[in-house]
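Chain lettering (A, B, C, D, E and F) follows the sequence in which the chains are written, and residue indices restart at 1 in each chain.
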Amino acid sequence: MNAIAQAAATVANPITCTLDFEQDGVQHGFLKLPYSRDDSAWGAVMIPLTVVRNGNGPTALLTGGNHGDEYEGPVALSKLAQQLQAGQVSGRVIIVPFMNTPAFQAGTRTSPIDRGNLNRSFPGRPDGSVTEKIADYFRRTLLPLADIVLDIHSGGRTLDFLPFAACHVLPDKAQQARCEAGMQAFAAPYSMRMLELDAQAMYDTAAEEQGKVFITTELGGGGTSTAKSVALAERGVRNVLIHAGILAGEVEQGETTLLDMPDGDCFIASEHDGLLEMCRDLGETVRQGEVIARIHDIRRTGSAPVEYRARRSGLLAARHFPGLVQCGDTLAVIADVLA
Amino acid sequence: MNAIAQAAATVANPITCTLDFEQDGVQHGFLKLPYSRDDSAWGAVMIPLTVVRNGNGPTALLTGGNHGDEYEGPVALSKLAQQLQAGQVSGRVIIVPFMNTPAFQAGTRTSPIDRGNLNRSFPGRPDGSVTEKIADYFRRTLLPLADIVLDIHSGGRTLDFLPFAACHVLPDKAQQARCEAGMQAFAAPYSMRMLELDAQAMYDTAAEEQGKVFITTELGGGGTSTAKSVALAERGVRNVLIHAGILAGEVEQGETTLLDMPDGDCFIASEHDGLLEMCRDLGETVRQGEVIARIHDIRRTGSAPVEYRARRSGLLAARHFPGLVQCGDTLAVIADVLA
Amino acid sequence: MNAIAQAAATVANPITCTLDFEQDGVQHGFLKLPYSRDDSAWGAVMIPLTVVRNGNGPTALLTGGNHGDEYEGPVALSKLAQQLQAGQVSGRVIIVPFMNTPAFQAGTRTSPIDRGNLNRSFPGRPDGSVTEKIADYFRRTLLPLADIVLDIHSGGRTLDFLPFAACHVLPDKAQQARCEAGMQAFAAPYSMRMLELDAQAMYDTAAEEQGKVFITTELGGGGTSTAKSVALAERGVRNVLIHAGILAGEVEQGETTLLDMPDGDCFIASEHDGLLEMCRDLGETVRQGEVIARIHDIRRTGSAPVEYRARRSGLLAARHFPGLVQCGDTLAVIADVLA
Amino acid sequence: MNAIAQAAATVANPITCTLDFEQDGVQHGFLKLPYSRDDSAWGAVMIPLTVVRNGNGPTALLTGGNHGDEYEGPVALSKLAQQLQAGQVSGRVIIVPFMNTPAFQAGTRTSPIDRGNLNRSFPGRPDGSVTEKIADYFRRTLLPLADIVLDIHSGGRTLDFLPFAACHVLPDKAQQARCEAGMQAFAAPYSMRMLELDAQAMYDTAAEEQGKVFITTELGGGGTSTAKSVALAERGVRNVLIHAGILAGEVEQGETTLLDMPDGDCFIASEHDGLLEMCRDLGETVRQGEVIARIHDIRRTGSAPVEYRARRSGLLAARHFPGLVQCGDTLAVIADVLA
Amino acid sequence: MNAIAQAAATVANPITCTLDFEQDGVQHGFLKLPYSRDDSAWGAVMIPLTVVRNGNGPTALLTGGNHGDEYEGPVALSKLAQQLQAGQVSGRVIIVPFMNTPAFQAGTRTSPIDRGNLNRSFPGRPDGSVTEKIADYFRRTLLPLADIVLDIHSGGRTLDFLPFAACHVLPDKAQQARCEAGMQAFAAPYSMRMLELDAQAMYDTAAEEQGKVFITTELGGGGTSTAKSVALAERGVRNVLIHAGILAGEVEQGETTLLDMPDGDCFIASEHDGLLEMCRDLGETVRQGEVIARIHDIRRTGSAPVEYRARRSGLLAARHFPGLVQCGDTLAVIADVLA
Amino acid sequence: MNAIAQAAATVANPITCTLDFEQDGVQHGFLKLPYSRDDSAWGAVMIPLTVVRNGNGPTALLTGGNHGDEYEGPVALSKLAQQLQAGQVSGRVIIVPFMNTPAFQAGTRTSPIDRGNLNRSFPGRPDGSVTEKIADYFRRTLLPLADIVLDIHSGGRTLDFLPFAACHVLPDKAQQARCEAGMQAFAAPYSMRMLELDAQAMYDTAAEEQGKVFITTELGGGGTSTAKSVALAERGVRNVLIHAGILAGEVEQGETTLLDMPDGDCFIASEHDGLLEMCRDLGETVRQGEVIARIHDIRRTGSAPVEYRARRSGLLAARHFPGLVQCGDTLAVIADVLA
C-alpha cells in the first residue's frame, strides 16, 4: 500500500450494506454504492449479496464475477445463495456472486462505468472510481470478516482454460500450506501452485496480505458455462465449506492433476493480427518446437500464415478463445505436469 | 424476387472482380465494391477471393464468413486458397473465405457498415446497402458460375451447435437428392435434412432457386474454432470437391448421425432476462419435461430461478452460448435422431 | 398504401403471438418478432400484451408506448392488464402497453434498433426494419380485430402538453362523429378536434382508413408521469371501455375545454440554438405579439437574447420541454379555445 | 484537503481569466482553460463570466450550471449578466451562469469530457481532469474574492424538487447564522437547514471552509425551467444582492415553509428496475406506511407491481423524475415540515 | 428514375421554404425539413439559403456543402450571400452554401443523421431518409427554377486535388457546349471535361437531365481552405454570374490547363492498410512505372514497404490525403494534360 | 516530479522490451505493455522499435508519433529503421517511429485507450494509465540510454505549421548551446528557439532534465505528409546522426530562417464557433491590425462574419487547419523573424 492508499484509508468508504453481518439466519440484500450520473442524479450501484450465519464459527467469503464475463462462479453462488439454509452452517457464509456487478450485468470483463478491472484495482480507494471503491470495501470491510476466501474465476470471453483450482507460493509457508489444503479440497480436475510474477493490485494479494486462506480457480472460459463446468464449481464450493468446517459432511474428492507454469516460456504471445488457427486443443500434450497455432491474413488470400511454435513441452492449458487475434494477445499457455 | 428486386435487377452491380474467372491457374485477388464514406471519399470494400481453374469441368463455389463471427469456414478456406494448386483440379474452384468481409474483419455476425445480416439480405440490390450489393453480386454473378455451392457456417459468438452438414427439403426432388448426396459427402458427425420454415432472403434459397447443388453446415460455435472443428471443415471441403469431380481421390467417409428438427417444439425460447444455467450439455439425450435450463436473477440473490423444460425428447443439438440471456433468445434446440 | 407497400402486403409478417385472440379469459403473453443480431443470432423482440375476452362483443385495442418516452399510457395499461378480469368485460380488450417495446425499454421516442418512429412508420413492411414490421403487424393483424382503438400519447422527453384527448377531422362524417363521441367519453380536461395536416404514415391514419373508432391523447410530457396524469389516463381508459359497451357502468364525466389549432400560426418555431427561457407557462392565455420565449446565448454572457412572440392569441397548449433548444425546434403551440 | 491536494496546491492553475476583477464597470469575458484534444490540438474550454464592479464593497459570487442540466440558475444569471449596470451596484458581482460549461452545453449533469460531477470534484487539482481544474480555480481564485456565494441548483433531468433555498448546519454557529439569513433573504417557497451527511468534495464545503456566506437552492427539476421557476430564481438573486448590501432596495419577502430531512428514513430508494408509477405528487402530505410509488415490470404484463411505502410521515419534497427507474435510484424524499 | 422513385414523385416533399422565390430584393431564410427524433419530437433540419432577385432574368443556383467537409464553396457563398445586393443582379441568384447542412455542421462528408452521401442520393425520395428528402427537394423544386447551376466541391478531409472546374460529356452536344462555356468562365487553374463512368444518383446528373447548364469543381482538399483557394472560388462564382448575364462586368480570365482522365489506369488504388508515403506531390509530372507511393507496416518496423507505381504518365492530379491508408482507398490519380 | 511521481518511481514499469539494447547489429522488435481489456484478457500494447548498434559510441533516441496524427516522423523513421545497417553507425540508434502506438494506429492525437496526450503525460506512472506507463518507460528506461534525443512533430489533423526545428531556452546555457547546435544541424527551412511557458508534463522537459541534447520539430500538419515534407524529415534525421558522430559524412546544410514567438500576442484565439475563412496563408508577412481570419455563422446566411486581426506584425507561422472552428481554438500564430 503506497502513500496515496494510506491517505485514502482514512476516508470512510461510501458503500453501505443493507444486511447485518452479525445476525443469525439467511439474509439477502445489497452493498449500496451511491453513484451520481447523468441518468440518475441520486442513483447507486447495487451489489447483491447473501449472508448465512448460524452462531459462532469460521467465516467463508465466496465470490464470483470478479471479472464480469466469467460464469461458473455466478451460477454456482446464485444457486447456493438461494438454497443454503442457516441450519446447515456452523459459522458464516458471505456470498457475493457478482463482485463487479456493473461489469457482470454488462457481460464484460471490466466495468462499463470506468473500465475498471477489479482484480487489478486493489487496494482500491474510498474516494476513487466505482471499481476502486468496491476494491476498498472488500479490502477494508469484507476481507477482515473472513477466515477463508474463495474467488471463482474462468477464462471469460477471450480465454479458455483447463479447469483448475490454484493457490499461490507465499512467503509464509504455513499460510501457503493452508491455502494448498483449500485448493486440494476444491478438487478440480487440475490444480496449480502459482508463483505470481505480478501480484500487484490483485484481490488475491489483498486477501493473502491479511493472512487469509485464499483459493482461486479457472474453470473454463469463452464467456459461457456448461452443466459440467457449473457442476465442478458447485462441488468445489461445497468441498471448501466442508473443509472449512462450516458445512458438515466429507469433502468429495476427485482426481486432480498438478500443473506448474514455471517461467515465461510457457506463454506464447502473438506478434501479428489475423485469423487464428489453433493446431492443438486444450488438454493435449505438445512438444517443444511443434506448431501450436497459425495466424492467417484477413486482408487477402494466398499469403502464407505465420506459425507459432511451442517453446517448451507440456500440456496445452490455456488458449486465446476468439477466432480473431491481435498483436500482443497471448495465444496459448503450456503447463508442466507435476503429478 | 419481388417488384423492387426486379427493378433493381436492371441496374449493374458496382462490384468489380480483379480476377478473370475464365483464366487457368491460381489467382488471388479481390471483389472491389466502391464505398464512399467519411474516412475515405474514394474508398472501397475489398472482399478477398481465390480462383483455381484447370480446363473445363464443374465449378465449386466455396464460402465462409457469411456471418462474420463463424470461423471454421474462414480457416479451412484460407488454407485451401493458399495450398490448392491448379494441377490438382479439374474444372474450377472459387473460394471466398470471408463472404461478408466487413463483418468478418469486425468479428461480428452482421456488417458494421449497415448492420446487414448477409444471409437475410438476398436477393440483394445493386443500388442498396453494402450488404445488399454483396448479396446481389453473389446472386447475379457468382452463383450462375457454379455447379455446386458449399457455404460453411458455425454458431457464431451467441450459439453453439453439434457439428452437422445440412441440405433442404426442396420442391424438385432430383435437386434435393443431389444436395443430400453432397451433404453425405461432407461427412460431418451429424447430418440434417431441413424443412426451412422461413427461407426468405437466404443465400441458400438464392442458390437453390438457380438449381444448384447447395450444402450448408453448422460446425461448432461460440465465436471460436478448434483444431478439431477445423479438421472437420477441411475434410468436408475436400470430400465435397472430390464428390463434385473437381479433386481426384475418394471421399473420406466418417460416421454420421442423421438428425431432424420437425417442428417448433424443438426450440426452447427464453421469456426472461438473466444469468443462464444450462442443466444439460450439447450432445446429451434429454427427455420431455426435463429441466433443460434455468435463468437466475442478476439484480438480486435469493429469488428462485425460472426453469425451462424440454417440450420433446431428443438430442440437445444447439444452445445459447453466452452466460447471460435476454428475453426472446433461443435457449436450446432439441433434435430428433433419425439414424 | 403505395406500390411498395402493396408488394410487401403479399409477404407474411414474421411476428407470431403467443396468445389466442379467440380464447375466453385473461391471457398474458407476447408478440414475438424474430431479430437476429450480433448479440443474439437467434433472438427476438418480445412485445408484451394481454388479451381479456368474455364471449362475443366489441373489441377495444388499447395501446401505450407508441413513442417510447411517454408514460401515462404504459402505467395505466400495465395496471389494467394486471387487474382486469374476464368477468368484468363483454367482448374483448387487447392491451399493448409498450407498443414500440425496444423504444420503451430504452426510454427513447424512437427505436434504438433502427431509430424508427413507430407513429411515422405505417403502413409498415413485413420485410422491413423492426419498427416497420411492428407497424405492418398492427395494420394487418391487430387493427382488423378492433372496433375501437385508443392510443395514449404524451409529450415525451422533449415536449409538454396540456392534457387532452383528440380525434381527427375525417372525410366520413359518421365515422368522425363516432370518434368524437369516444373522445368525449375519455373526458380529459381538454379535447381537440384536429385537422391532421400531415397524416401520412401515422397509426391514426391506418386505423381510420379501416373505419375504426380512433381516439388519441396527449396527457402531459417531459418523459415522466405523475399521480395526477396517470389518474387522467386511467379514468379515460375506463370511460372509453364503458362507452364501447365492454365494461359495465357509466362514463365518469369531467369538465373539458374544447381546443382548436386551426393553422400554422399556432406554432412558434425556433431559428436559434441556445438556452430557452419560457416567458409564459402551459395553460396561460397569451395575446398576439406578446413575448412567449427568449433564447439566450450559451457561448458568452452579455449578448441580448432573441425574443419569440405569439403570432396569435390563445391558450399556451404545448411547449418545448428541455432547457436547451436547437434551431428548428417547435418552441410553443398556441391553441384557440372553442368552448 | 488531503496530501494529494496539498501537493497539487503548489502548481499553478492553467485557467486564465480574460477579465480584470479589480476594474470598475461591466465586463463580459471568459475563464479560458487550455484543452488539447483530437479535434483541436490547441483548443480551450471557455467558461463565460461577467464581472460588474463599482468601487469598494462586498463581493457576491453567483453561479448556475454547477450541474449541466439544471436551468433556473443559467437563465436568471444570463439575464442578470446582460442587464446589471455598474451604477446599480456597490462592490462587485461575479456571475458565472454555466459553471461546468462543457456539461451545460451538452445538457448533461456531468462533463462530457471526463464525466466529472463538478459538485463532487472539490478541492480539485490544477493538474487533474478538466472538471478538477475548474474546481481548483473556483477554490483557489474565485472563492477567495467573495463574501457571499450563491449557487443555484435544481433537480436536473432525473430529479424534481419542491422549490427551496438551503443552508448547512455548520460548526461555526455565527457563520451558520449568516448563511441562514442569506437563505431567508432568498425567499423561496420552502427553506431547508441541512445537515450534510456527506459533505465531502462539494463546492458548498469548499466555500464554507473559507468562512463564506454560502446559499444553495433546489428550484424545480426535470431538465427544464418554467416562467414561474425562473421568476423565483430572479427574485432570490435580487434579494440576496440586496441583503448583501450590493444592490439598493428592500428584500422582497414571500412566505416560506421551513423543511427538514432529519435522517435516512426520509429517502425511499428503489431495489428494482422498471416502470415508475408515483402514487403521490410533489407537495402532498403523506403518512407513514402509505404506498408512495409502484414499479411495474417492463418485460411482461400481468405481474403485480412492487410497492414502495413511506417510512415516515411528511411532505413529498423530491422525486425521481424519469418514467423508468433503475435499482438503486432514489424514488422519493419525504421532508418534515418545521414551520 | 426507377419505379420506386416514380411512385415517390407523387408524394409532396415535406420541406418548406421560409422565403418567396418570386419576391424582389435580398431574403435570408431556411429550407425547413421536419425531423422528429429522440432529442426533439417536433424538431426540424434547417438549411440556410439566400435569394437575391431583381426583376426578370436568368436564375443561377449556387451550392456548396454538398459534401459536408469541403470548405471553399461554403466560405465563398456565405460571403456572397452576405454581400450581394439586389441592385447588382438582373434575374435571380439562389445561394445554398451548406447543401447537406447536417453533414456540414458535423464537418463530415456524409450526414450524421443517416450517413447519406447527398451526391449519391438522387433522385431522392420525399418519404425517404433526411438526405433523400433534401435530394428530392433540389430535384423537384430548386433545379426547375434554375438556368445555370454551379456546385462547388473540393476533396474533403480524405482527398486533395489540383484546383479545377469541370463539366461532363453529355449526349446533347449543344448542352455540353453551354456547360463547357460555363466551366471556361469559372477560370480555375485547371479545367476538366469528364466522361462520368458512374453518373448514377448524382446531383450533376439530376441537373443535366433537366437540361440545365451545370458546372462543378474540385478546389483543393484536406478538410480545410486557404486564402488562395477561397479566392479561386470567389472569382469563379463572380465569373459564372457575369457569364450568365446576372452580374454586370466582364469575366476575369486566368490561364487554365485542360486535363483529361481517359480511363481506369489513371487511378491507383491501395490493396494494403498502412502508413502512406507519397513519393510525388500534387501537380508533378510522373512517368509510367515510377514509384508514386509506398505503404509501410504500422504493426512492426523492419519490413519492406509495398510500392505502388504509375500505370500511365501524366500529371499527379489527386491524392489520398490522410497519413494512414486502408485497403481499397484510391491513392492517387494521374491525369493527361490536353492543353 | 511531485510526491505522487516519487512514490510511483519505486514501482517497476510493466513494459518489457523484446530486444537487447547492448547487442550489436540490427534488431527489430517491440516494447510490450500488458493490457488486460474486454476484448483480450491477456493482451498487450505492442510498440514497435528498432535498435541499431555497432560498438561503443553515442546513442541517439529518435521518435515519431508522440502525437498519433503527425506523419513526417513515422514515415522517415520507418524508412530509416528498414534501411539503416549496423556497419553504417558508430554507437547506437534507437528508433521508435510510433511512440504513442495506440494513438498512431487510430490516427488520432491522443490515445483511444485513455485519451492520453503523451506529450503532456510526463513524468508518467508505472501504475497509471497506458499512456502514463509509456511516459514512465521513456523517462526511466530509454532516455537514460540516450545522448541526443530527436522527437519529430508536425501539426497533426488540426494545426498546420511552417516547417521548423526547435530547441528550448534552458537554465543550463551549455546544454542549451548543444541543443541549438543540434537544431541547426537538422537544417529545417525555419528554426525556433522557444521559451516554453508551460513546459510541465512534456517529453521535452523530461529529456532536458536529464541533461540530454533535445531537438524537436514541427514539419507541416493537417494529418498528412508530402514527398517534400518527408524529405525534410529524412534530411534532418541524417544530419542529426552525422552531427552526433553516429553516421559518417557531412551535415547537408540548407538555408534556415530563425523565428521567435516572444509573447502571448503571437497567438490569435477564437471566441466564436463557425466556418473559418483564413484571409492570409502560412508564410505570409502580416501587419498588426490586419484582418487575419473571419468566422462565419453556420446556422444562417446573411449575418456579418466576426473578424480577427493581428495583434502584432510578423510571419504567419501556424494556423488552425480544419474548415470549422470552435470557441477557444487557436486560429493563427504570428512569429517574429529574427534572421
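Here, a residue touches a chain if its C-beta (ideal position, glycine included) is under 8 Å from a C-beta of that chain, and two chains touch if they have at least 3 such contacts.
The model shown is predicted, which means the values in this text are computed figures rather than measured ones.
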For subunit A and subunit E, chains touching each: B, F
Where subunit D and subunit E overlap in contact partners, by chain label: A, B, C, F
Candidate from A-B, C-E or A-E with the same interface as B-C, over half of contact pairs in common: C-E
Chain whose Cα centroid lies at the greatest distance from that of subunit B: D
Chain of greatest Cα-centre distance to subunit C: F
Whole-Å gap separating subunit B and subunit D, where each centre is the average of the chain's CA atoms: 58
Inter-centroid spacing, subunit D versus subunit A (mean Cα positions, whole Å): 42
Centre-of-Cα separation between subunit F and subunit B, whole angstrom: 49
Numbers and ranges of subunit F residues touching at least 2 other chains: 3-4, 30, 46, 69, 271, 299-300, 322, 327
Chain-to-chain touches, reported pairwise for every pair that qualifies: A-B, A-D, A-E, A-F, B-C, B-D, B-E, C-D, C-E, C-F, D-F, E-F
Touching residues on subunit D, where the partner in the complex is subunit C: 26, 28, 30, 46, 48-50, 69-71, 74-75, 78-79, 81-82, 95, 97-98, 104-105, 107, 160, 222-228, 230, 275-281, 296-305, 321-324
Residue ranges of subunit A touching subunit F (in the complex, touch as defined): 2-4, 67, 69, 108-110, 115, 117, 120, 155-159, 198, 200-201, 269, 271, 320, 322, 326-330
Subunit D to subunit F touching residues, read off their complex: 3-4, 7-8, 11, 14, 30, 32, 34-46, 127
Residue ranges of subunit E touching subunit A (in the complex, touch as defined): 271-273, 299-300, 327
